[in-house]
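Sharing a structure with you now.
Chain IDs A, B and C follow the sequence of writing; residue 1 opens each chain.
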Amino acid sequence: MRVAFAVIAALALAFLALPVVAIFLRVSPATLVRELGDPVARDALVVSLRTSALAQLLVVVLGTPTAYLLATRRFRGRSMALTLVELPLVLPPAVAGIGLLAAFGRSGLLSTSLAFTQSAVVLAVAFVAAPFYVRTAVAAFEGVDATLVDAARTLGARPWRVFARIALPLAASGLGAGLALSFARGLGEFGATIMFAGSLQRVTQTLPLAIYAEFAQSFDVALAIGALLVAFSFTLLLAVKWLRSDWISPSRFAPSVSS
Amino acid sequence: MAALRLDLSVALRTFRLQLALETERETVAIVGPSGAGKSTVLRAVAGLVKAAGTVEVNGRDWSSLAPERRSVGFVFQDYALFPHLSVRGNVAFGGPPGDVLERLGIEHLAQARPRELSGGERQRVALARALARRPEVLLLDEPLAALDPHTRDTVRVELRATLRELGLPTLVVTHDFVDAAALAERVGVLVDGRMVQMGRADELIASPATPFVARFAGGNVLHGRARRLGTLTSVELSDRTVVTSTDAAQGDVAAIVYPWEVTLARTPPTDSAQNHVRAVVSSVVPVANRVRVTVGTVTAEVTAESARRLQIKEGEVLVATWKATATRLVAL
Amino acid sequence: MSLLAVFAAASLTAVFPGIDRAPRFQFGGSDQLAFQIRQGAPADVFASASPKYVQQLHARGLCSKPKVFATNTLVLIVPRANPAHIRSVYDLRRRGIKLVVGAPGVPIGDYTRTLLTRLHLRSALSNVVSDETDVKLVVAKVALGEADAGFVYRTDVKPAGKRVIQFALPVRAQPTVKYELCVPTKRKHPQLAARFVREVLSKRGRAALKAAGFGLP
């Protein structure tokens, strides 16, 4: 039986590895590097990096206080709030895109002129990536020893000081892991972006959108962009693992839809 | 105006903690079995737990103040040192540390991280941190529990001296009677949320209010029925042995005999005013420079010297003897 | 027994099932469909909105000789509410209009650019906010009211119904839009494929195409 399981495992791992490896083997490294010089690829890289940076800033600035509140206070509607935070995780990206249009489109609930702008990309990325950060952040804050918080209070620390000098530093590596996950998800975002922001080179065409626009015209450019995204994803995965080893996530995340 | 006045009522899981206490600039130990609500008393004074009633310090009512506004120094059971700060960072967290590092002899550890410190050093850092803000009340939760026996003895002595020197109203929670007796001027015994006795350690030993107090203070507790016989009381124990006491009591009683008031011999006493039990030695345990010997239902504590002289061995028969005056009776 | 697989340009979405309900249809941008066929996708029939892609496949020996089966013309559509107050194609020169077109390489995208060049309106391209990968997405964004205007095929207007208003475009500027189909050499159902092609080219098929607004060769 052990042999059978080993064979199955080998097949499974090969299945997971093959698409990634294939990207790098299909054309020579020289071709990959050259195609990355293509304007479509370069413009997509700039758009992706800019929108990702802004989106993650939004996620951290809004998500950190939210996660802290959810982790440290018990209030009515808390489990509802937690479910809401996780919602984008289970929503198909295309549905997220439609939702964003329905909410912020010109004929949407809150009529704005955001659709088709780079800000729309930022919003779409923030929407789908936020749950990755907030979920991890809540667990990280919950993992901060409550006795340390008590000690800080008896030493005269007001709520802000407890947050900034105790909770935040002690949760930091967990927050970092969450941010890396969020970043990875955001970089790969496609469905919501293409719906809500459209696809226009230099403005809204991110790396994944560029792959989609190019694959039928120029497969090599699409491959090169794909290789770049693999490299990014791998780096982020390493970052998550390294940060997580600093911080063991407790399993006492409050009950919610997916856990 | 008392330095510290408490009148608390806190609902706990299976009972209600109800405590009234007044102290001046002295140390009061709160002892009792685990789960009795001892730590809750400290947390209520610090404001970390909601309590109905009053907490008054130096005439000011703290009851509506949040913990960060109360002037307490709290030393937690596992010290709760901030792992990401140095010793200096920890001690200075509440404010400028002044000379507290020097006073407690830890200035040479200022740059160290908590994880690099020994148990005794951590205890001193925790104390320094609690004192840095010049608190009006000091709260210590099991200050010696996390220490190994050897360190414990030295730290106990140091802590006692420090507390005397500080002269602050202090509450010490501990499950160990010896610690309580050493550190505090008064000892209160808390059982199931109620204070069953409060007084000096020697008072608790001399006149325990309940069998629990006696056992807690280290005494043998023997159950039986008492009958007056002239000036003495005769108690028939559950194993039919009869002991005599100079205390007056009637009916169901607990007879309390302290180990260090029991002597051991190979032959019964000739004086009938002595109580004795002749039984098999079931355990011999050396404790510091004494030996605890359990003979039947009675544990005696004798010097190592005496134990050696008698050549006490487990399994042999010995006679444990004590005076009628050393038999304290508590009505049940 | 698996169904006939027909890969067809997005603009044929409404009309092809009307000609034959049975096959399994895959509609999309003709360039993407051609790509999939090159990668080995199991298409039995390929109908493209531009000769370019079928000719390319034929040149590589990947499909039979293409046959023209329909033509089309381009129109300009705006949402019913016409938020940008567009009255003709020349208004597209105005700055700030949200114009949605097909991506370069997608037939509708190439046709649109040809048209705009012929009208000397290439400057309108600076108003493009999104390059869509098939014409149905262009229709959708205009119909939703998110875009101010878009270029689509005449045949796309009826399915969009009252949600859009169309503007005819000068005939002299219209590019030649020829729909061609072919049978990929790796087809699984040669008989069924041949039958489908015959149906499209038959009188009934042509009538259906005409009713939908296509031109006939």
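Criterion: a contact is a pair of C-beta atoms (placed from the backbone, for glycine too) under 8 Å apart; a residue touches a chain by one contact, two chains touch by 3 or more.
Values in this document were obtained by computation on a predicted structure and should not be read as measured data.
Number of steps on the shortest path from chain B to chain C, with steps defined by chain touch: 2. With centres taken as mean C-alpha coordinates, the chain found closest to the middle of all protein C-alpha atoms is A. Distance between Cα centroids is largest for the pairing of chain C with B.
Note: centroid distance chain B to chain C, computed from Cα atoms, is 89 Å. Averaging C-alpha coordinates per chain places the centre of chain A 55 Å away from that of chain B. If you average the Cα atoms of chain A and of chain C, the two centres end up 36 Å apart. Looking at chain A, one finds that none of its residues touch two or more other chains.
The touching residues of chain C, when paired with chain A in their complex, are 29, 31-32, 34-35, 83, 98, 100, 103-105, 128-133, 141, 144-147. Taken in their complex, chain A has these residues touching chain B: 145, 147-148, 150-158, 165-166, 169-170.
Chain A contributes residues 101, 105-107, 115-117, 197-201, 203-205, 212-213, 215-217, 219 to its touches with chain C in the complex.
Those residues of chain B lying in contact with chain A across their complex are 43, 46-48, 66-70, 72-74, 76, 78, 80, 82-84, 93-95, 129-130, 133.
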